[in-house]
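What follows is a set of structures to go through.
One chain, chain A, appears in both complexes that follow, with chain B as partner in the first and chain C in the second.
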Partner chain A sequence: MNKIVFFVVVALLALLPVLWPDPYMLSVVSAAGIMIVAAISLNVLLGFTGQLSLGHAAFFGIGAYTSALLSLGFDVSLFGYLLVVDPKPVWVAFVSGILVAAAFGWLIGKLAFRVRGAYFVIVTICFAQVMRMVALNWVDLTEGPMALVSIPALTLWIPGEGVIKLVSKSATYWLVLAANVLAYLIVARLVLSRFGRAAIALRENETLAKSIGIPVTRYLIVFSVISAGIAGAAGGLYAHTVRIIDPEVFMFIYTITMVIMVIAGGKGTLAGPVIGGIIFGLLPELLRGVVAPEVQWMLYGALMVLLLLFMPKGIVPTFNGLVRRLRARLAREKTAAAPAKARGANA
Partner chain B sequence: MLKLEDVTVHYGATVAVDKVSLQVEEGEFVTLIGSNGAGKSSTLRAISGLEPVVSGRITFEGAPITNGKPQHIIERGIAHCPEGRRVFPHLSVRENLEMGAYRRKDRQAIRDDVERMFDRFPRLRERTAQPAGTLSGGEQQMLAIARALMSRPRLIMFDEPSLGLAPNFVEQVFELVTEIRAGGTTVLMVEQNAYAALELCDRSYLLETGNVVLQGSAQEMRENPDIRKAYLGG
Partner chain C sequence: MSAQLQPMAQPRPGAPLLALSGVTMKISGLVALSEVSLEVHPGQIVSLIGPNGAGKTTAFNVISGYMRPTSGTVSFQGEDITGLPPEQIAARGLVRSFQRTSVFGNCTVFENIQTAFHMQGSASLAASILRLPSFRREEAALRERTREMLEFVGLTRRADDLAANLSYGDQRLLGVGIALAAQPRLLLLDEPAAGLNPSETDEFKDMIRKVADTGVTILLVEHDMQMVMSISDYIVVLNQGHRIADGGPQAIQNNPDVIRAYLGSGLKSAKA
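After this line comes the complex of A and B, so read on.
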């Protein structure tokens, strides 16, 4: 049932560029889609292990910069040696971006999971700020505020057509959609595995999880690596579709956007970050012509407060709860109606 | 079977357990009694590797397990039923049971054991798919005990299993502990209710501010005038 819904939704989304080939709309949706991948990655940590990373933009930025730099090639002098890296094929660069982000996820997990709660949050914030400073000031490597420009687009080999560059609006849209589907499936697979259940157990009661033999810290690090890797993929996607990046990608506001998407949609659910991401990813564009940007931020604030007030668990869990209650009521009414009917037949 | 020699555990800056030595023989039912903050829970936590041991030695069946990782200690056959929140509230009853066998690899045997637990606790079978958080306090404790059994322990440690339960459930829990012991599993139980503990066990240790101040058979302890005065109400 759920699988069928999933396929239908994906198929409908895939048809969007055909049904409504408006380039502006497609680019807006693609931009939101990239943030949704990032939100999915944050949900791996925040939703399933309960650890709030407020430095998630760092993994996004690391993925973006690694992928962009490797595809452009760079030279940098390190301790007196000149390191020259030739441009790599764009997919090699993209995968490297994921791997490097995941490696940082391991490092941060290793360091930060010595502590929990507020301390963990602070370590992750600091990490993102440090990465932003590096991107801003290591001009030799990153061009600093001058930004990395002319980043090549991702390519695809199509039988009969050869290798094409994914530059058109619809191609970008499909690429982002594919990334979302992939990220969603990976997280779904993870959560339904032994690993996922252990993560939920440690989120609910860490001491109890330890006492039944779950190596808690090791699992947190594994989740950190996976989360950072997916965030890195989102960053790479951003770099190769927007095709220009600057140190702004490390900005705190991006992390906050991801957190809002996850919390509004429902942390710890698979669909939560997607629903939250669609709302908070598209809202800025929908409101653009209507109200001034300053007013927009106030409106998000108000919306966020309302959501937390009326749906503290997020949209998806609230909706699921409603459906469950409705079904229960229907079932009750059915059983209440059945004896009445039986009596009617006897009479 | 289990032996602690001069085990010391710190809790922050304070000494929670101060050079405690105790011993549990195979098949025995031993209790640790004493008031709040006497170091009973910390002792259990040190045994199962949840709390670091500052000095001293812990051995299980002759092998040293001092400061072992919890997952390795449970694999050796020690299960720990901690106090406080006892189950994973958002996991189903069945999932909670399966989590108890987390370190085991024998999938078929795990499935059989889950069935056996359901045979033993019919109330849990009725609630297989229900989130454990929706069970009553007593049912949660049943589930917690069943989960601890899922690791097929040779030594099972209970921390205040009766705490916060309705009187009829307290009785049930103690009955269950006695049954488990009768089935050949060694039991080490922390209990504030000294009266109940000394009714059930073979031997007991009295802890006060991190020290073993008294030990003996259940009968000796019951008849000790100091214990009668301080813990059994005269």
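After this line comes the complex of A and C, so read on.
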């Protein structure tokens, strides 16, 4: 049932560029789509282990920079030696971006999971700030505020046509859609497994989780690595589709955008970051030109406050709760109706 | 007073499953446990009793790794486990339940038990994400065992309810189910019958017997003397952090130190 819904939704989304081939619309949706992948990655940590990372843009940025630099090639002098790296195939660069981001996820997990809660939040914020400083000031490597430009696009081998560059608006859209489907499936399968149960146990009751033999720190690190890896993939996707990156990718506002998407949609649910991401990813574009930017931000704030007032758990859990209650009522009406009918037959 | 100076009475010959020797636990200056030694032998139901604040829960925290004793050692199956983290102690087959109800509130009852079978699973991350046959087999087996456990603790009808929405008594049952799913050799139960009505308490007692019959050794903290006296093979009494007595139910009920410190008027109801 759920599988069918999922398949139909993905198929419909895949048809969008055919049904409505508007380049502006496609690029807006693609940009939102990249942020949705990032939101999915944040949800892995925030939603399932309960740890709030306020430096998640760092993993996004690390993925973006690693992938961009490796695909462009670079030379940098380190301790008096000149390190020259030739341009790598773009997919090799992209996968390396994921791996490097995941490695930083491991490091942060190791460092920060000795401390939980507020300390973890602070460690992650600092981490993102440090990364931004590195990107800004290590001009030799990153070009600093001048940005990395002419980043090559991702490629695809199509039988009969050979290797094509994924540069058209529709190609970018499909690429982002594929990344979303993949990220969603990986997270769904992760969560619906012994690994996911261990992480949720940690979120729900760490003391109890330990008492039944769950080495919680190990699972925190696994989730941190996977979360950072997916964020790195989103960053790589950004680098190779926008094809220009600067240190702004590390900015706090991007992390906040991810957090808003996850919390509005419903943290700890699979669909939450997607629903929240669609709303808060497309809203800025829908409002652009209609209202001034200041008003836009006020509208966001108001929307967020309203959401949290009326749906404190987020859109998806509230909707699920409604469905459950409706079903329960239907079931009750059915059982209430049955004896009445039986009486009628006897009379 | 003299009881604590005497050598510990050997309840049974043979190697103990659990042994505390000279365990002292100071919590910010307060001596919660003082030179406590006790042994639990395999196959027994042993009760740890004493007035409020005697140090019973503290003893459980020390045994299960939630507190590191100030001095003394805890050994389980002949191995020194003092200072090991709780999850490693649980992995050795020493599992405790909690005095205050402790469940995974936002998960269903079914998920609570399924989660507690954690140590029975071994599927790798790759196998889980690729949904390999080995993963599917393991998950099916764990679901089956979860159903059996729900049947055992009598929560089958509640399987799809959120644990947070259960009644107090059902949450206590779920807590025991969670501990049992971790496959204990020694199960520590901290006031499992607190807040249960008399008929629920009786059912609970039957369940503990059933658990013991499957070969699980039990160390029980409980204030319900009727239950303690009827179910225990052996009893250890704590008062203000000291072990003041130990022996069979009969001996404990007649021990003047115990009567003075704890049983007092409660004794009549226990004998009735």
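Following the convention adopted for this analysis, the second predicted complex is superposed on the first by the 344 of 347 C-alpha atoms of A that agree within 3 Å, B and C clash if a C-alpha of one lies under 4 Å from a C-alpha of the other, contacts with A are read in each partner's own complex, and residues count from 1 in each chain.
By our rule, contacts are C-beta pairs under 8 Å (C-beta built on N, C-alpha and C of every residue); 3 or more make two chains touch, one makes a residue touch a chain.
Treat the numbers as computed from the prediction; the structure is a model and nothing was measured.
With chain A as the common reference, the superposed partners chain B and chain C clash.
Applying the stated contact rule after C-alpha superposition, one finds that A:Val222 touches chain C and leaves chain B untouched. By the touch criterion defined above, A:Val134 lies against neither chain B nor chain C after alignment on the C-alpha atoms of chain A. The wider contact with chain A, measured as residues touched, comes from C rather than the other of chain B and chain C.
Of the two partner chains, neither chain B nor chain C is touched by A:Leu303.
In the overlay built on the shared chain, the residue A:Ile186 is in contact with chain C alone; chain B does not reach it.
By the touch criterion stated above, A:Ile200 is placed in contact with chain B and with chain C alike. Contacts of A:Lys210 after superposition on the shared chain: both chain B and chain C are touched.
Chain A residues 194, 197-198, 200-201, 204-205, 207-215 lie at the interface with chain B in one structure and with chain C in the other.
Within the complex formed with chain A, the chain C residues making contact are 64, 66, 85-88, 90-91, 95-98, 102-107, 111, 114-116, 118-119, 121, 123, 125, 128-129, 131, 135, 138-139, 142, 178-179, 181-182. Contact residues on chain A toward chain C in their complex (touch as defined above): 186, 189-190, 193-195, 197-198, 200-201, 204-205, 207-216, 222.
Put simply, chain B touches chain A in their complex at residues 48, 50, 69-71, 74-75, 80-82, 84-91, 95, 98-100, 102-103, 147, 151. Partner chain B is touched in their complex by these residues of chain A: 194, 197-198, 200-201, 204-205, 207-215.
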